[in-house]
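Which chain is which? They are A, B, C, D and E, in the order written, and residues in each are numbered from 1.
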Amino acid sequence: MSITQMKDFQTHNLLEVENLQMHFPVKGGFFRRTIGAVKAVDGVSFTIRKGETLGLVGESGCGKSTTGRSILRLLTPTGGKVIFENEDITNVNGKRLRDIRQDIQMVFQDPYASLNPMQMVGDIVSEPIHNYYKNKNKEELKTEVMDLLTRVGLPEEAYYKYAHEFSGGQRQRIGIARALALKPKLIIADEPVSALDVSVQSQVLNLLNELQDEFDLTYLFIAHDLSVVKHMSDRIGVMYLGNIVEVADKHSIYDNPMHPYTQALISAVPDASKMGEKRERIVLQGDVPSPENPPSGCPFHTRCPKALDRCSSIKPTLKEVKPGQHVACILYD
Amino acid sequence: MLKYSLRRILGMIPMLFLISVVVFFLALAMPGDSLTGEIDPNNTDPEYIEQMREKLGYNDPIYVQYGRWISNFAQGDFGTSTKYKIPVADLIAQRLPNTLFLGVTSLIITYIFAFVMGMYAGRKPYTKLDNFIGGFNYLMLAIPIYIAGVFAIYFFSFHLGWFPFSGSVDIATNEGTLDWWLSRIYHVILPALVLGAMGTAAYTQFLRNDIIDNSQKDYVRTARAKGTPESRIYNHHILRNSVIPLITFLGFDIVTLVNGALITETIFTYPGLGQLFLSSMTTNDYPTLMTLALMFSFLVLIGNLIADLLYGVVDPRIRLD
Amino acid sequence: MSHFQQSQGKAPLLEVKNLETAFGIDGKDYNAVDQVTFHVEPGKVIGVVGESGCGKSVMSLSIMGLLPKGIGKVNAGEIKFNGRNLENLNDNEMNKIRGKDIAMIFQEPMTSLNPVFTIGYQLEEVLHNHFKISKKEARQKVVQLLTAVGISRPEKIVHEYPHQLSGGMRQRVMIAMAIACQPQLLIADEPTTALDVTVQAQILELLKDIQRKNDMSIILITHDLGVVSESCDEVIVMYAGRIVEKTDVRRLFQEPKHPYTELLMGSIPRMDVDTDQLATIDGMVPSLKNMPQVGCRFANRCPKAMQECTEVTPQLKENEYGHEVACLLYESSRPAREVSQ
Amino acid sequence: NSGDDTDAQTDAEGDTTEDTSSEEGTETEEESDTGEPKQGGTLTYAIDAEPEGILNVHYYGTATDFEILQFMVDPLFTYDENLAPEPHLADWETEDNKTYTFKFEEGVKWHNGDELTVNDWVFALETLADPDYEGPRYSNVQTIEGAEAYNKGEADSISGIEVINDYEVKVTFDKARVNNLINVWSYPMNENRWKDVPVSEMLGHEFTRTTPIGTGPFKMGKVVPGETYEFIANEDYFKGAPNLDKIIVKVIDNKAVSGALQNGEVDMVPVHPTLGEEVEKMEDVELVTYPGLSYYYVGFKLGVFDNEKKEIVEEKEKYQDKTLRKAMYHAINRQEWIDAFFSGYGSPVDAPVPSNHWIAADDSDLQQYEYDPEKAKSLLDEAGYKDTNGDGFREDPNGDEFVVNFSHYASTNPTFEARAKALTQYWNDIGLQTTLEMIEGSLYYDKIEKDSDDIEVFYGGWSTGTDPDPTALWSSDALWNYTRWNNEKSDELLEKALDVEVVGTDKEKRQEIYTEWQQLANEELPMLYIAELQELQGINKRVGGVEYDVSGSNLPNEWYIKE
Amino acid sequence: MEVVHNKNSQTENSTTKPQKSMSPWAMARRKFMKNKLAMISLSYLIVLGILSFLAPYITTADISRVNIGDMSLAPSAEHWFGTDTSGRDVFTRLLYGGRVSLLVGISCTAIILFIGTLIGSVAGYFGGAVDSMLMRFTDFILNFPFLVFVIVLNAILFGIVSGVWVLIVVLSILGWGGVARLVRSKILSEKENEYILASISIGCKPGKIILKHLLPNVLTTVIVQATILFATMIVAESGLSYLGFGVPQEVPSWGNMLAASQQPEVLQNMPWIWVPPALVLILTILSINFIGEGIKEALNPKSYR
């Protein structure tokens, strides 16, 4: 999609996430009481404008999926707000929740586990429609689903087949077709290509881009591969240990990363283009701490090459440091 | 680990209590009481029986009976067997060693056979001998324990005369001597084999399949890449992994043994707890019956506990806290 | 002169010639690795790239003699290590080489360590396998090794079990295990695929470091062209069990020749360029059973495919820069002659 | 055969009721074969049911336990082949059947060396009458004067017992009865050994369980409870040292009996009738049969008993018609049935007294209800039981459906079901629709005793003791009169037969009355008397000196092993 | 772009799909049919089932009748497997016994599967308090030593419920724990699959998710478990009957027939009375086991995932 197109929607926020928290209780001790929490998501805020793609990167376990699932309310957040089309959906339930899910759909990471092996592809794709439009004419439904299948690049015969008869890339297409079936406004794509081979990955990425134009979709695109995220997104949020440490448009992130973690992340991506150049790579020490026991203050200070003493006590908040570039780091206070 | 065990043990108390209530009410619901059918015109008379009923408290309110039973029970007084007229505790003390001996022997046999056959079959799958072992095991798994017992007696005792068909020891031997032990072993082998046959078959197949599974694991490839000799890979790397589930079965074996002992001991007239249970069932010997039922339930609880604990001990991945 | 020819003077550490490795499926043999020829010189890092299922792992397992018994076997070709033919060695002799002269690390650090033994134990084992040393010495050596791969608190780690370590740590342990006997050749089969980028960077740095210090050769298998570009001297591109292109790393990225290589590169989003549309390779790697036996195996997916491509099997040809490619587009000689051979 | 009859006490075919108070007699028919019995050797005696292990004659409950005890205890008197008491440890005298003077054999030694005196017997009687006594034998002392007061704790001693000296004692009963002697407890208990053990602890005491003693021919050796019991010859036995060195009593499963006999693992074992033929065929084994004291019957519930009031309070209509009962009797082919299910080791009886008992009526005095289905049918026709609706079965005289509900006890022994089924078939064959219910053994007699509604026609067995008195099973105020046969004449006869005034000490007279009573029972048929069985014993031919009669075997000190 | 996509699908298809599309069930069925041992076993069971079912039509003889004249006859043309000690034809009783044994097996399996699956899936899907409550209860049931309590309960219910059904009820009451646990754990792990998240996100209600998404996938395990249960229950029935605590004695069942071997003379001298039921029982269990293995193999998820 072109950047000019995007600007038309810039003013309209489709989704706002405010200080989202998702703490999973940890049971233990003699009486199996809650003795702690996995702070999978610990105060995440961002907005997604209509028609844009927000990329979310971060290392494994930093809370990307949890964020995505909380937005779809597959999980009930323990704190914060999720506002979709100006409606606070953090605590809606029952019928309203089901209705909202018509507008938000998800594409999953594992093309194997995300399709019910016992269902025909046609059933998989028509099920969402069936769930919401019980009385839909069978023939109509079928044509609609067939159209969808063709649209995502599958033959019509796929309707009568089972998932096991397809390759990973094709399955991911089925998953995408299912997500499209309800004509959602927002699609959360949780690492949709990380299980795929490079050549197939590019097919799926291209498809997603085309669909966005065609169906006016807004994406929350989650991935751990920075180059993929950059390719797909308009803006990028970088997550670390349940927190967003930096949000900015993709060029700022790539050309001028401000948070030390973003900087390290970008420098760590092996890049064919930089071949041969002796580049200064920032190699981080150690591993990501456990979200069950996150460091005090700035979550990154234990590995940060630029850490100051203060970092261990003050938890920085996301601030707009440059226009459109929000960073959570006291270096920029 | 300690904490975990403690919690598990404490958790067993309400379970035991509930079971005791069930046992008590089941016993109560069972038709007749222990004096039912005590009729012998030469030795007793109706008044005596009624007198005994009163004396044994069978005419008290139910909750009083339960309270008395459970509080005595908790103090280690299991009541007096109405059939043998001695404290149930003594009765059990007499029989328990036999059952234990049978159980332990059967376990040893099971594990030895299962290990030898399972390791061979797992290391050389799809060979002739493996197929033979597999076929044999399928057969063993399909033969119900009591049929195995009947066949064993018919064949090994009656036809071949290799083993005795009843009893636990030869009277002519003096307790504690080598002969005595040999005689006990001689008497226990056939029932123990029968009792262990199914387990042996199941474990052999399990071990075999697990070894085959494990031999395709990445860590085996790593070990080979290190230059570890094949025999060490099987006997050490793979076995150590395959043994884990097998060892934890030990806990569940207790359950199987309880069920098995009931049948085997009866068929082989081996004086153990299983036989005692069935005879107390037919003679309405409720104190014995209830104690045994509760004891068996307790054993099952313990078995599960052991299984869980063993898991934690043998598998470093499981941490019990 | 090409890079390859230049170094011809040195005796190659590993020479693989016309390697064919087959798997038996339903009683028939299918080649998962077909006519693979290459060599590795001391101190060099060779990258092997290709889509999933190209035979990269099978090739490396063939070298190690670790093909699954009874299912896979080397049907033809030679593998020479230090001039010695590995093919003819029995298990015992192979065990003396494995872990000592050639070491290997795998993709999944999660499952590659035995879950029931301590880290220390598993590391010591490799030492005991190849040297007669006491337990204490082994333990000391292990602690040194762990320090060398950048593990802090090695004295503590040796008592821990694999599940207690993070993925990056485990991969470090695997590396420590691989370099314990200072092998001449390390085969690393996608050592970083399962790891996060920042950890991947750590591991790659570490490998480079050790390679330099120990002067060993590495065969680095990966499907990430970025990794190749940063870490390797030479690159082998494999497709469907065959080598389709082989050259030094700079040339490959500047001037990829084989359409497959080109597409592969184009299909990966790049950080430095904005593209709307990524290149795609239609279809997928044929499965072993459906492998075309004549012609270019890539022909049915190749946008530049010609009529002959399905009829003539292209051979790996070297141009004047030592850039080898197996594609009819680059064959100066007539395909007809190839057929008649 | 533990699995055989769960209700052991009443079923004569079980291990149970060889009458327990009757031991062998001292009289012996001289061994017919070899002259001198050999000395030494070990005999293996098997019992095929599990003993309870109460090795105390004052407490034991099952005949199996007594089978073990018999080798080491001696009663005051034993019974001859006519079941008449004869002196053993003691002789007695009485004038009036109320007061007896017992004179003990001198020089009899307990196994521990103590000498037997009358005090040992008095001690036994007092134990039985003790309020704390937990065994079933109080009724054996209850009739002694003052026993009841002692039992209630109102007296320190039993007033009817008067010790004259160490070897003489006088016992006075509460009233004169013909059977006072055979009813009284006849085993001594070593006072010296037991006197410090409180009565309440006796049952569980080691003297009862593992180290019992007696005055008998063998001493208890090693015990493996429930499995094996070893007996060692008592060289000081007052009737002469045993020939055998040892007797090993082994508990074996009934399925092992024939195998064990065959291969000589056991020398002597009681044999179930179904095994008889097989044992008979064995070369080295002799099958000894001797008359038993039990009978099987099919009873009819004729009324309901009130246990409080001790009387039959209600009559049940269904089987009141005597003709119906007679027809059902004629329908049964008893001989065929006995041959089929007891391999012929038994014979039909016509009255509730085994034919070998001295009070048994002569066959000629009783009606024989031979197998005659035609007669049965005509009797039914006559009584109005006709098939009126053409379904093949007879309806009752009112034309309503008539179904005989027959009950039998169940156990694992499948022949029970078969033999019960066979009986129902006989009745079905004469047009009486019959159903069979197999009731779990431990409940069976309870249901019968409580006059449960689902019991109508029932199978059962009684075993009679040496005491011929049938009162406990037949008088209308007896709980164990299961048929609830309420017949004044019967009650009267039974009473008369015990009355010293009427019969005095005259056996003939008593037998006369009992014959009359049997004729009544034979005519009225409150139950159908089916069969009496023989007792079977398999004995290895290497064993000699063993004799059996209706009272049991001879003294084991006479047994020996041939070479 | 359109063009590319179409081309895509064609090429991909050509490689994956030479044959007709098949549901996982159909694939499993096909795989199962290829398993010779399992098919032979299945045929055996079917023949046995039909014969047993038709037993009353095959022979008109009153199988409960005691024939005093024909007792303990060795096999002959008239009595193929001889007669038992009551003069009843062993072959006929074998068929009737099959009715009982198979009835007990099938009914218990059905009831147990129903209860176990219901409790297991509810507990597994909803988790939390529901789960811990149901699982405590399941543990409670599981902590009874099976045989011991079956015997006790059987004695109590005897006469309250009629005939064979006592045993069926008792076995079922005490037998469902294992299934519930198994189903629960399967549901728990199956729940982790993203397709469950997907079905929530496309608006499926819990009932539908359990029934349509989870259960079909758990079913494979349940079916395999069913074969094991079937065998176990047949063995339990016959074993209990053998011990005298099973179905009433007058009902012919394999266990009751085998109980005859407790009589020594039958055990030793009349093998035709007890060997046929023993063999038929063993063969039945063997067949069930083979079928179970066959199903397990055929349903092996590797084949379609």
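In this text, a contact is a pair of C-beta atoms (placed from the backbone, for glycine too) under 8 Å apart; a residue touches a chain by one contact, two chains touch by 3 or more.
Everything numeric here is computed off the predicted structure, so don't read it as measured data.
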{"item": "Topological distance between chain A and chain C, in contact steps", "value": "1"}
{"item": "Number of steps on the shortest touching-chain route linking chain B and chain E", "value": "1"}
{"item": "Intersection of contact partners for chain D and chain E", "value": "B"}
{"item": "Farthest-lying chain, centroid of Cα atoms versus that of chain C", "value": "D"}
{"item": "Far-end chain from chain A, centres as C-alpha averages", "value": "D"}
{"item": "Contact-richer chain pair [B-D vs A-E]", "value": "B-D"}
{"item": "Computed distance of Cα centres, chain C from chain B, in Å", "value": "55"}
{"item": "For chain C paired with chain D, centre-to-centre distance based on mean C-alpha positions, whole Å", "value": "93"}
{"item": "Averaged-CA centre spacing for the pair chain E and chain A, given as whole angstrom", "value": "47"}
{"item": "Numbers and ranges of chain A residues touching at least 2 other chains", "value": "167, 169, 203, 206"}
{"item": "For chain B, residues contacting two or more additional chains", "value": "31, 153, 158, 282"}
{"item": "Where chain D touches two or more other chains at once, by residue number", "value": "3, 255-256, 259, 411, 440"}
{"item": "In the complex with chain E, residue positions of chain A that touch it", "value": "69, 72, 74, 98, 101-102, 104-106, 108-110, 112-120, 127-128, 131-132, 153-155, 157-158, 160-162, 164-167, 169-170, 175, 178, 181-182, 203, 206-207, 210"}
{"item": "Chain A partner contacts - residues on chain E that touch it in the complex", "value": "1, 5-6, 8-10, 12-13, 16-17, 21-25, 193-195, 197-204, 208, 213, 216-217, 301, 303-305"}
{"item": "Interface residues, chain E side, partner chain B - complex", "value": "139-140, 142-149, 151-153, 155-156, 158-159, 231, 235, 238-239, 242-245, 258, 261, 267-268, 274, 278, 281-283, 285-286, 289-290"}
{"item": "Contact set on chain C toward chain A in their complex", "value": "51-52, 166, 168-169, 196-202, 204-205, 223-231, 249-250, 253, 263-282, 284"}
{"item": "Residue ranges of chain A touching chain C (in the complex, touch as defined)", "value": "1, 59-60, 167, 169, 197-203, 205-206, 209, 224-228, 230-232, 254, 264-276, 281, 283-285, 287-288"}
